[in-house]
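Order as written gives the chain letters A, B, C and D; numbering starts at 1 within each chain.
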């Protein structure tokens, strides 16, 4: 299968996830600011998830850009990643509607951790197929951000049962870390 | 009509089906593990349906890859397949919300059986148009998996009224059979 | 704007409409056949709308295939068509949930009539831009089906307040008429 | 990243937003005209939002058509625009369900203002990257419509707490202003 088709499919799925997530923000029944304020926690979790999906869309593209053909294991590693991303609207809604309560914040972190792990598995599958000497392998290098993120997720998950707000801030911190695109891959493209 | 456009449309529909299915997993009202556990059956049926849609997306691509032009009957055979796939979120939700009760499990099986049949009809239409000597005809060969699946679906449907869990496990078994992509078609591509 | 992009956008919108329509089929609360039977009217209206959207997708492609560049008026005529198509999930749900009651059947017919009219306007805009001597103009010819359909819709709308089922059957009849793709345009392509 | 991919992603998101918005038009429970009339305000707000999303889709294309490569800041400016557009189904539903009450009309205007601002930021980012002497810079010229729109939005927002209907009409007026595509950019393309 050509990687362009897997990319188009993944793009489609991410575009749909990012958009249907807004359906979790139920229109409030009143017409004043007080009614609107009930939606605020869901709105905040929506912003966080929007950032994450934007980051995954961006990085996913950078990752696939280096390959042209994909085979079974890569394809299923990709569907595995999309599976965890597809759950984000659910955990976003649950976390927001319960005002960042402990268990929903834990679940949100687990989802981020699983999606991050799925991304690393996909990356490994692609590297395995293309060899460690490939331009992608060089570009990823020691992959500092990729190694720090799961650790931060685990810390946040551990904290979420005691200080859910701190856990939420750690999720935001990881997102901000990633918003700066991976310069190493970009640099390599330029050469 | 060029097959690329029918493929893009089918990809779009499958991407949307796979993603809106998560909307059947309603956000629970409580904020603890007990509230979350009420979603578990829907989550399990979601995983099963996600696998099936991933398989259809993958196989559909392999099938269309061998043709370049499509005509009326192929186009309607394809829409017929998409019709049965589009019902999957509904039967998934019904099966999950009723904790794999008998009738929902039967209906889920009927839907899989109809989608499988629609796929075989599409395959036949494409073969008819391209001749039995085409590379696709050779690649499909005796199509063991394609012949076993409907039989397994029928067995599961028959069992579903007595042992719905066994029927569910048969659906999972068929999915696992198909996750291994059709090597025969892949081999032919390589030559 | 290149017509390919307008086509891709229209394809996307039609793919989404056809798929989210299934969300109008609410998962019933019971787990037996009786509970399922409550969904039957919505299911029947879903089949009808699925046919219509399949037809529009198919014909829309044939229509745009003859043009390569689109300008403002064509673009807005196309969005106008998509607007009426986007309302189909709503009228489908209303008609189904009310078991083909009079007013919902009337509204469904009005929606079909408006979509049909929007299609004719789009066709006229394209012809205006491309000249009556273009291959499209020849292919459309006297456009028998295009002239009969609005008349049949109007008859069905008039009947819907007295015999809603007959009106529903006329909608089905028009759909069947259109499922046979426009051979005239196809023939011209072959030459 | 190639601009074509960012464009395809943006097109997908806008196509999904425009289509799922119809889900905010809940199917009414009765089967007569009176039941249908309860949906009328949501329908009117749906038309308005449909126009706006059509305009953004159209202008967005014109804007991106002039660039071929996009970098980090442009990409995030684009996601920022999509973020505000993704909120339109929510504010549309809230405004419609509350019959154009004051606060929902204010919020709708704020959303339009933020989306308009996000569009201007995106435009500036693209100009910064391509230089003020580029064909895009010339095409945009003094950008009268782009300067008037935010002022009209602010006037409408200010009025919305006293005369929400007038505010709504101003939103409609801005939409009509934009439906006439930007001839300046189109002209430049022709040369």
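Methods note: a residue touches a chain if its C-beta (ideal position, glycine included) is under 8 Å from a C-beta of that chain, and two chains touch if they have at least 3 such contacts.
Here the structure is a predicted model, which means the values were calculated and not measured.
**Student:** What's the call on chain A versus chain B, same or different interface residues, using the half cut on shared numbers?
**Tutor:** different
**Student:** In whole angstrom, what separates the CA-based centres of chain B and chain C?
**Tutor:** 27
**Student:** Chain A to chain C: how many Å between their CA centres?
**Tutor:** That gives a centre separation of 38 Å.
**Student:** Mind pulling the residue numbers of chain B that touch at least two other chains?
**Tutor:** Residues 8, 12, 16, 20, 23.
**Student:** Pick one for the touching-chains graph, please: line, ring, star, complete, other.
**Tutor:** The chain contacts form a single closed ring, each chain touching exactly two others.
**Student:** Using the touch definition from the top, list the residues of chain A that touch chain B in their complex.
**Tutor:** Contacts found on chain A: 1, 5, 8-9, 12-13, 16-17, 20, 23-24, 71-72, 75-76, 79, 82-83, 86-87, 89-90, 93-94, 97-98, 101-104, 107.
**Student:** Write out the stretch or stretches of chain A touching chain D in their complex.
**Tutor:** Listed in rising order, the residues are 8, 11-12, 14-16, 18-20, 22-23, 25, 27-28, 31-33, 36, 47, 50, 54, 57-58, 61-62, 179-181, 186.
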